[in-house]
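The block underneath contains the structure these notes are about, expressed in structure tokens.
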């Protein structure tokens, strides 16, 4: 979704306030699919484009973190590869986000959240910059100030990082 | 497929009668693909969206179950993760469904079935609410009272659960 | 591709003569992708729809076989699951096909071949009923008397089996 | 992208000068996805179409090589299967390419490079024939003299090899 589809000034203002962006994992870093093996182990499909984006975010002084409902070693594996903080197995994502922000001294108004389904609603409602991926569930689309052009797992994370880095660069 | 494409009153009436929904596995919970490894083991691709939908179904007082032709540990693995009952290796799905309904004291008219291929025909013909996924085989399309907008493995199960939960909520 | 796009009479006549259909594996039973693991092992993506089609072919008195260039255990694994004969590691597919037909006393004019790339050209040129998948390489499209509507690995095999079974049923 | 979309004479002239084509791996040989397993191991999705193309390139007297940023055994596994030289774990792709060209006595003007993201920019700017895949990041599109019709991992490598072989054949 081009910047123009939203209130550009609002978006720029929210991006300028950002100190942290929390990403849901399944459906955001992945295409919301899960590969199930005979022994119950799982695998997920991520995008190689995301790593470069996350480094841009950090260079812009913004910490990217992952907050995931699933208790799953693949989330840990991916976040370690991407060298970003992650907390998985979050029954209550908002409570976890609240705690993580408090530890860092970051306010909700300085926080972005990227989600794709109704278990992200509480976080999306609370943060300064709620974002959803192109193929998010219909029930979370309306709350977002930004919806990506690219679907989850197909460059949505990179698109958000590129957008934020571009705005921060232009408004230093 | 929007509710409007079907006889809305019929659909609402059938949904109000539901006590159980039986899902085929391959092509419904998955995109009908199978990943084949060198040692013959298999994996399948499912959607993370389905879990939330199945919980909604249960909250509406409807039991979701899986009835699959394939004798395959991946079906067991997935159903355990989703915490729903499954029976796999069903040569004759209708006989198995008949037995499972009898055990539960549920009638065929109170049952939904979601399928995608001709080995689902016997079940689809018998139940009160026959449903197929968007990308079902042409030979089973005509029998369905509901065809999903989303393809199998890409949110079809969630779409059905959302629809049923919405109708039940509206007609309590 | 609907039957109408081809010379219908020619197609029906060729289908009536069939006693065997040889399928290439990669790009026909699969989407021509290969999943590569860190230890060099491979996996491929097939369609669950194919099994039902192959049984129809056999019921119509036609033997389905796989002839693959790749020397790869996944071909063996898949053909065993599908319960059809396979020969993999075929440097020269035509020589192998020639030998297999001779063993069975089947003529090239009674044989169909389904391919997707230029290493299938020699076989496609020799058989009575050359077929290609929707997404075959441009250099093999012209030689086919039938091109599937569905891409390889996404129901192309099933589509061919359904077509042949339908014609055989109608012209018994 | 058809040849006609570019300056045809320029393209033909550059192809006639080629002695080596260096390919990025992720996003070029793959669809830029990575499959992440619970133990952190990874797999990638490649195309079976590429092998035939690489053999054509070699027959035209052009060496194909892979130069990848990722330190990853899957790159080695795939290049071994494809029987082409690869160097992975390249922090600085341009420095590595410079070294590999020097070893071979090949000039940058005799070199093609196929990339998909901003970490390919330095190489794309330096070589005689910079190329990108259909679904490359927007920030690298402008520098290419050729952009493939097919996306990375879905035949982009084959398309480039076919194009080069065709031009070389026509202008011997």
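Quick notes on this structure:
Each chain carries a letter (A, B, C and D) given by its place in the written order, and its residues are counted from 1.
FYI, a contact is a pair of C-beta atoms (placed from the backbone, for glycine too) under 8 Å apart; a residue touches a chain by one contact, two chains touch by 3 or more.
Being a predicted model, the structure only gives us computed values, none of them experimental.
Any chain bridging subunit A and subunit B, meaning touching each of them, is missing here; the list is empty. Where subunit B touches subunit C, the two copies mostly use different residue numbers: shared numbers make up under half of all numbers in play. With chains reduced to the mean position of their C-alpha atoms, the one farthest from subunit A is C. For the pair subunit B and subunit C, the distance between C-alpha centroids works out to 31 Å.
The centroid of the Cα atoms in subunit A and the matching centroid in subunit C are 44 Å apart. Among the residues of subunit B, those touching two or more other chains are numbered 35, 42-43.
Taken as a contact graph, the chains are arranged in a single closed ring, with each chain touching exactly two others. Residues of subunit D touching subunit C in their complex: 35, 41-49, 52, 72-74, 77-78, 80-81, 153, 155, 158.
Residues of subunit B that touch subunit C in their complex: 26-27, 30, 32-40, 42-43, 70, 117-119, 137.
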